[in-house]
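Read through the structures below before going on.
Next come two complexes, and both contain subunit A; in the first it sits with subunit B, in the second with subunit C.
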Partner chain A sequence: MAATTSTDMSTLNTALDKISNIKLKCKDGKLVTISKRIIRESEVLSHNFSVVDEVEQTIPLPDIHSTVMKQIVAFYDLIEDDSEYVPPSKYTDRPTKDHPGVGFFSNFTVEELQALTHACGYLDMPRLQDFILCHMIVDIIQDREIKEIRERGMMKTDYTPEEEAEFVKRHEAPIEVVQPQ
Partner chain B sequence: MDRLNADCLLKIFTQLSITEKVQIETVCRRWYSVLQRYEAFNNIDTLDISKFLLYSTAEYYQQDNLNFEPMVVGLVSRVGPYLKDFSFGHSWERIGQPIIDALTEHCTQLKRVNFGATIMNASLDKLLEQVAPQLESLSLEDTGWIEAENRAEIIKHVKRLWRIKELNLRNALINLDCITELPEGLESLDISAIGSISIPALTHFFKCHQKLKKLTMSPLAQNLRDEYTYADVAGRTEPSEGEESLQTAIDALGTHGRALQSLKLGFIPHDTSSLSLEPLARLGNLRELTLETCQCLTHETLKQLARDVPCLTSLTIRDCPKLADYGAVAGMKALTSLHVEKTLQLCDEDLEAVAAQEKLQVLRTIGCINVTTKGINAVIQQCPLIELDVSKSVNIGDSCLRTLVETPNRCHLRILTLNSCPYITGKGIARLAHSPKTLAELRQLDVTRAKYVVNDTVLQLHTTLTHFWEEATPPEEPLICYCSHSSITPDIERMVSKTIELVF
Partner chain C sequence: MLRLLTRVTLGATARDGDLAAENQADNDAPLHDDEGDDLNLHHFEAPDHPQIGAIHESDHDHDIYDDSSTDIESESEDVDLRENLLTTRHHHRSRHSSNRVIVNRSNKHKRKQMRLTSRKRHVVASTNGSQLSYHHPTIQAKQNQMYLITTLLPNQPEQTEENLINKKLPKELLLRVFSYLDIVSLCRSAQVCRSWNTLAMDGSNWMQVDLFRFQKDIRASVVESLARRCGGFLKVLSLRGCENIQDSALRSFALKCNNIERLYLNKCKRISDDTTEYLGLYCHRLVTLDLENCVQITDKTLKYLSNGCKYLQELNISWCMNVTDKGLRMIIEECPNLQSLFCKGCEAITSNCFAQLAPENLAQLHSLNLFSCVNVIDETVEDIANNCPNLEYLCLSNCREITDRSLVALSQSCTKLKDLELALCSNLTDVGFMQLAKTCHDLERMDLEDCNQITDLTLHSLNVGCPHISSLSLSHCELLTDTGLAELCGSHFDIIQVLELDNCPLITDAAFEFMKPLRTLERIDLYDCQQISKDAIRKFKAIRPEVEVQAYFAPNTPPTTTPPSRQGICRCCVIL
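Moving on, here comes the complex of A and B:
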């Protein structure tokens, strides 16, 4: 999914060439320097580029904390892939384990990943959002017991014990049988 | 994770398999409600039930398994609305009415349906009423029916398969005169072993389906086979001129089947005087031809095929006793696959002539007792073989394997079948160890009933492969070795399991 259409993209590139150092003014008032590539990847930043303060060369970003923004910058420094992003549609399309991002995010807590997901959603950066959702979070869920998923995902069940027992009983046959060979 | 919105959750869930999705419904109410939305399964358009069977298919074989029905209904109710391709996976499950009703209720977009190799204890009437006009592929191959009337209901729906491209009605014991009403765009049809079809219907079908690419009629419809036998028994005369016989249909096939690329005919009792297969030589685009148990196939027909069908790449002739000379096969210049079974007439000279073209990739000479090591050696030396099957050959010995090892750059054999070859010994098989590259390329080795092939032979192959794979990347699957009724015993199964999987 391209952030902008090709004509928009060429206008954007010309505008970007004129500016050397772009900074974002985050929620906590701190400035974060970002690469031109991050602007191109984000639908929101590409549009906000028009409100850039020409003297200070900063884009106001009052909804995202600088810690989160720095993590986004660090992720894009790791990835060299500059090609147009195609979102994965099937579960076989997942990124491989040797992807540099896997190591980078492996020590993140679920809370941090969640905050990053929201930031990406806000900035409309599908590449990073899909990476976190389709790889890092899927990893928390896949091949695990329900109890483990709840623990790792820091979630609480809202089923009553009776409901849960009933639920499991109702699904027992299909769940037990639905095991691919 | 409970702060993620529904869109994010859906994105995560699309990365999970159906099984996992069903399991995580129990995590919390929100996940459950998101998973009840159709979008949660909208990336799944193919469902093969056999992949979800617990343990083995034997548990479900032709019987009512308590879990089977709720499992299928559960799956179908979740993934049904987006499903385009549905199959029971040819595993002989017994299908009850609730399963078919669930398919009717949920699967409105079906394009490809495979009910092949099942025991159908249900009426397909409502399902086909709904989906027949949109189906592109339908298989009822060998489907067994508990109630005869359910089978008969199929006929009226055949007429409504307006978009069908592939239709498999193998072993449908009904009258199929209705195939004339199938759409012109039909590309593949299997009407082997059907109950009956009239000659005018068959002729008319060929006339109006000139885009047909694949046709299978082996065995021939029961009434057409009986027609010949009865004429003989009752002492009736041959059909007089003008009366329509099987020849009329074969003529029509030759005239109108220009687009045909694959043809399989078989179990035709008619002799050479009552049926000629020469019209088949007019099928100029034919690439694959299989003729089995045809009493009317002659050397002349084969010669004409060699002359007039230039792009024939695959030829299978099984048990055609009236074919006295296989010399014409050498005239088929594009041939890459040759399968000849159960004949005295194929001999070394024929194989040498075929080998001289240096094209053969697949050679199967099964039960051809006049084929000896000499003919097989010629093929191994000259052709880029990837599959060799010389089962039931009493004149094939170890020297074939020597040739194989000594000419390692020509053949890249992946499948080697030496089933029931009494003169193949352990010594010969062990020769494969002399050329680790040849052995490493092999994916299947069949030494069934080779009583001189012993454990030591397998251990030798294992040692060679272990050394070879130390320096190269080993394949994902080990070499499969079929060894029932040989002198190989299960004691060594574990020792060699890393490189060789023994199948007893």
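Moving on, here comes the complex of A and C:
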């Protein structure tokens, strides 16, 4: 899952060590100071690190608003874990409620979450993606009945009653023999 | 897959969302009750998705089987899934314009969002301030249950904004969510709505499938459906214990899932050479194949595999009694990458099986298990030692014919050995082990159960020659005494984790004195050590409560009660 290979990573680390203070020039023209860890975690930023302006030490980021970037910075300030992000291998390994990052996004509005989702999709930051929404939605789905998933996820079925009935019917026959198409 | 990715990155969300919205109008379908007790495989035809299948399994089944079994390969699965998602993101990044599409899309719906914002803030405020009094109690309870998702999903009954997940989330992210789910949840998700069906049934979520927990419930149709569903995506499939699977199902599986790399068919007793013929013909990327307890297979299987699966690294043919030298040699000679070979209980293998091999054969082998291969003799072990210089794990347990000659051969060639199992090889003596310890310095684990000729001398040589030993089984080594143990414990005090000393009659309570300082000790077995007292164990546990001490003391036999004296009065006398 490593975003970059180990050699790339070591080159990046050496490059990062030379620069003390990295700023991102956001969509609204404002500068946001970011930690080296954010650069390491974002595949896009680490790849674009070569375009950093050596005098001003800024990376142009015309697609993301500074408020969103500040939220990301605040999130990373909260998380002390400095190691490379390894996504949980299974559902039960996901971070618990005690994890400082878990509650961080709970007070955000839908629009903020959406903006963050798009931003981390753009920057390609798997840790952020997981903390913003993935773990929450996994919570909704994992180990629940279909009815429950629909209720909790506010999902509405678009299957026709006949199709639903077909599901039920197939439940009655323990193992369905499926004819190859 | 590429098409899906393109759709994801080019903002298919909006399009599908609209489609979903259109469908919503006439979709007040009654939700069906999911109380079924059996694993079900749904096949389902829908207008825009010609194949929609789903396996459903109830919580009942879920409780019965141990989840841990599904976790064996989960790590590698995860890597695979991540790789796939990584591809998604590479694709994503390579088209920066696609990101803009998403951003633009969000602008497009700005007005709708503005309207939503006020409502959402309202909910947020109420949740945070716990001022939910105007809500119905059950809704309030549900809101509490909903944990963090409240902000995303307003949970008000009058709320009309449904399918928010589909509308707001990029499909890429939803795909990531599905990548975390187990197969049961995936199948349930597929039944939630059509767009979820497409995503949940995407091949990237089905690269690794373990059906162990369903075992006998798995019929041929399930495997066939799975093969059709996963196709070339499937890389790892475990059908351990699925005894109802027959050749026909696996043949069609082999035809469809050509990219399979790891296949576990342990205990699929019905499969025969017919299955492996197709594996050899179509699944050339096979790396791991577990055929343990597939008792019907013969040398033909090994012939097919040696012809077709040149990348084979791990092969398990344990308890396949029909396998002979001929088949095994074909594998050894034709699969140069073979790293692990498990032939437990293959009694048809003779003592010449490994004789006269070319030097490059088995050069990469690092694990070999010949447990209970009764024909293995010293010459066999010498052949193995000469051909497998990289051996790290060797099990010769219950090969009762081997003597110290074998140990000498191993000590000369297999100096990288880390794990050696020699249980029930009762011909082995101190001489052999002294030789072994002179060269095999990497040994970490040894099973010497029932090597009942060894004495403290063996322990002494292990103590000197093998500084890394962390697990040692000395059960039934009846000549060992406290002295030998004391020496071993003294020098390995910071590495020994497991000591099995059951049925060692000469070990006494004094042994606890030098076991106390073993810092890393996790477990000691002391069953049936007659000179170990209950009291000593209790004292030891008081000092080292974290160490698991396994011992059993039969309860005292109750004193025999004297039978009541009848004093010559019989029943009839009393009555009379």
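Throughout what follows, the second predicted complex is superposed on the first by the 133 of 181 C-alpha atoms of A that agree within 3 Å, B and C clash if a C-alpha of one lies under 4 Å from a C-alpha of the other, contacts with A are read in each partner's own complex, and residues count from 1 in each chain.
Convention: a contact is a pair of C-beta atoms (placed from the backbone, for glycine too) under 8 Å apart; a residue touches a chain by one contact, two chains touch by 3 or more.
Computed from a predicted structure; not experimentally measured.
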Contacts of A:A74 with subunit B and subunit C, given as first, second, both or neither: neither
Subunit B versus subunit C as contact partner of A:E166, first or second or both or neither: second
Touched subunit A residues, subunit B compared with subunit C: C
Which superposed partner A:V102 touches (first subunit B, second subunit C, both, neither): second
Subunit B versus subunit C as contact partner of A:I140, first or second or both or neither: both
Overlapping contact positions on subunit A, where the subunit C interface meets the subunit B interface: 88-91, 94, 110, 114, 117-118, 121, 129-130, 133-134, 137-138, 140-143, 146, 149-150, 153-159, 164, 167-168, 171, 173-181
Complex interface listing, subunit B residues touching subunit A: 1-5, 8, 11-12, 14-20, 22-30, 43, 51-54, 66-68, 70-71, 74-75
Residues of subunit C touching subunit A in the complex: 20, 23-24, 26-27, 29-34, 36-44, 46, 50-51, 53, 56, 59, 62, 71, 74-75, 77-79, 82-83, 86, 89, 92-93, 96, 99-100, 102-103, 106, 113, 116-117, 120-121, 124, 128, 142, 145-155, 159, 161-166, 168-170, 172-174, 176-177, 180-182, 184-185, 188-189, 191-196, 217, 219, 221-222, 224-225, 228, 252
Subunit A to subunit B touching residues, read off their complex: 88-91, 94, 110, 114, 117-118, 121, 129-130, 133-134, 137-138, 140-143, 146, 149-150, 153-159, 164, 167-168, 171, 173-181
Residue ranges of subunit A in contact with subunit C within the complex: 1, 3, 43-44, 47, 63, 87-91, 94, 97, 102-103, 105-111, 113-115, 117-118, 121-122, 124, 129-130, 133-134, 136-147, 149-150, 152-161, 163-168, 170-181
